[in-house]
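Sending over a structure as structure tokens; questions will come in a sec.
Chain IDs A, B and C follow the sequence of writing; residue 1 opens each chain.
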């Protein structure tokens, strides 16, 4: 069950450079993504209307994609603009096309009702925190199709208590335990986590004053990197702001300061996760990582480290999916622990949105 | 849906040399093909009647195939002729056998009603153009199971307009555009294509007077090879005769002459394509290539080139099949272009034959 | 269709050494096998009750297995003993657990009704012939999941006439032909095979006086090995005792003596085969091989040879399964030969036991 009326990340902008056509299954549909010569982005069903050759095997010609088999061409709106040796082309000759746009280094696609695609509010705004802030360096990446439903990644990012067990050498520290005592609210607190639930999103903030060796190792590593020193041994103040937005977007914004210096320029680490559903059992996992210090080398080193950390999660997500098999991810019986509060709120939001969409559809069909 | 009452290519003769037993799925059935010591060809169900061990794992003993598991033997008629340590063998002990014969370097199998197998008319006659003509050199090949329905290869060979896009460096030239203006008839024409539709076959002839650089590159290469010169730059007269025969046979006969010399000895290139259905989604692709000039080296070089050209098609056919998935190849909605005339005629013939066969069967069952 | 109320081999004891957790599908269920720090063996469903992470990805902590994802711990009885950061744990928080015990170097599991698991009679007793006899050396092994139903291995071991065709260089000799003249009874005979059918087992004994070159090559090799001589050329007296026990246990005990010396200390070769069902189409094939002579080198050499012999069988069993496909192994039509008598008796026992178990279950459900 997908939420159809939402923008989804289909590709990184880089992937479509140089006339490259990307073949990608999104929400169960085979899509060909390309960029015309004038720079317009396009997404069409990856099957020529003539004999079903995948259009992704063809190449970009001017403002069209040309089928590799018999040379028919299709514009970014899907309309067939050229059939070799044929003057008349039926105006009905059209391959299905999908709205696309580029934002924040990603190509986004709309798979739902086309009249609703004008609304860009489903593209997470806080991505601009990463790519538009002065002094930020960021880079994006993507895993090959991850063999796990996208909701398992939502779950994973909603309950960072797992970091203590899965990422002890990087993100795992005592501060993730605050998740188990999450309190509704938005006021700042010294040690703990407060959260606010909105209609399509959840925002939460965790803060730890004077975090020492009990904190995650990565914070001390970053403090040292930013100051170009061997190691950072003192206590630090840790702030993390997290935004989850339905159906599959999570961004983390982490601010580190020497303990007791609330006005110091913070060392920042931001990351953004998007799990675009490929099928019911697989997803495309895109991410962006950004820091506000160091040089390109610092960034690429940290991005590599982070990638390895995410891989630790993917092992688990794919193993969960293998256990769940063909069942619906959420229908499998499960126990819940104290740390699951935010996750359960997130699941509820998503379920509500999907149900609303289905009801709207069935009402529309009745009318 | 297969046409059952037809001879199909099961293997090349070479494959059964030296006592080799070939395991091959044909029209969805697992078959073991072998040649007895006296030279008789045989095809039996590839499962021992005793405990289902594949007979293709065994070996040829005299006029039988011996099961590798417990040593039972079966003649080319499928009858069990020997059970180790057992005198009496039930006359009902029989593995299913299929008519086979060798023609033109291929082993042909009959999977339909055995009483109809006497009729060899479904073995394409024009193959003899390749293997029996004085001065012809030919060689045969086979691809591993191609993951595409055999009808996709029919379609491919019926509409050579694809050559301009898929094989620009070999077979792709302006003359393939004649397909878009195919005219019924059998009279010779200067530039164009005429075709005749028969009950089980389609024959067509395309001719181009004085073809220059706009023609396919391969023709000039062959003219030069045949004359042992570096390159051929003059115009040439091109004639191509194509025969398609249901369910899956296509042969091309190409004649090249210096322009304006209709009585000159032509440079000839012939090829034959057979796509034996393996399953609904895969086929065994056999081909023979022949030329009337050069030596073995010329032939093997050209055969290698041709094989690479066919591989370009296979990429597309397998991609089409992947798009079509488990659906019936012809049931998928598709648009048709001017170049599809012959293809549509061929599909009609095959559909008619398959329907007739099914009706005959259901009538037979009623009686 | 499995026989549920039986002990099955789940692993070799070695596999669980050093805190290793084994993930294995048994009778269609995913199981995690481990050994606690105090040495207790445990088997639980390989899916954490929290979020379905496989427990086999975790590690052993004290008397529990700790989930790798969020650190929950489960005892060998399946009870959840610890949730990080949480004091109260519901007594219902429990992962399904299965009785396990260690016998003869194997870990055995009980997948049926737990109240019946006290009865150890389904663990073959004659395994002690191998591991408990003074002077015996033995070693155990396991193949990766064999893609064949366990009953195909039963069939294989019940009809050793196949050795003449499948293992001519080792076990294949004229004495296996006795299987074709199996006679009920338990009295010793000079050349032949007598068998006794019991409720859950079949025992048979084959003897050949004064076996020469017509016997299996392996016997002469073993006689030479035991005497540390180049080769053994004289005749020998061969005795083989075989026990099959439902559902999947077969042990062979072979005694070789110089011909006419019934009181001589025999050269012995014993092996034990267990095929634990993994799914309807695959099994875990465990075996133990033992000899009463030579040193560790002799044993490991012989074990390696035997492993290669078993692999010859696996090729056939997997090929049979591929032919049978998704059908029920025994429902496929098949002819039977003289050598199949014991096999058919064995199949009957197993069918009867499985039917009884199903009836008992449906009666229990009615009550």
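Methods note: a contact is a pair of C-beta atoms (placed from the backbone, for glycine too) under 8 Å apart; a residue touches a chain by one contact, two chains touch by 3 or more.
In this text the structure is predicted, and so the values were computed from the model without any measurement.
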| item | value |
| --- | --- |
| Same-site or different-site touching of chain A by its copy chain B, using the half cut | different |
| Between chain B and its twin chain C, rotation from the CA superposition, multiple of 5 degrees | 120 |
| Averaged-CA centre spacing for the pair chain B and chain A, given as whole angstrom | 49 |
| Shared-contact residues (touching 2 or more other chains) in chain A | none |
| Touch list for chain A against partner chain B, complex | 30, 46-47, 49-54, 57, 66-72, 80, 83-86, 90, 93 |
| Chain C-facing residues of chain A, complex | 155, 159, 161-162, 164-166, 177, 180, 315-316, 319-320, 322-324, 332-339 |
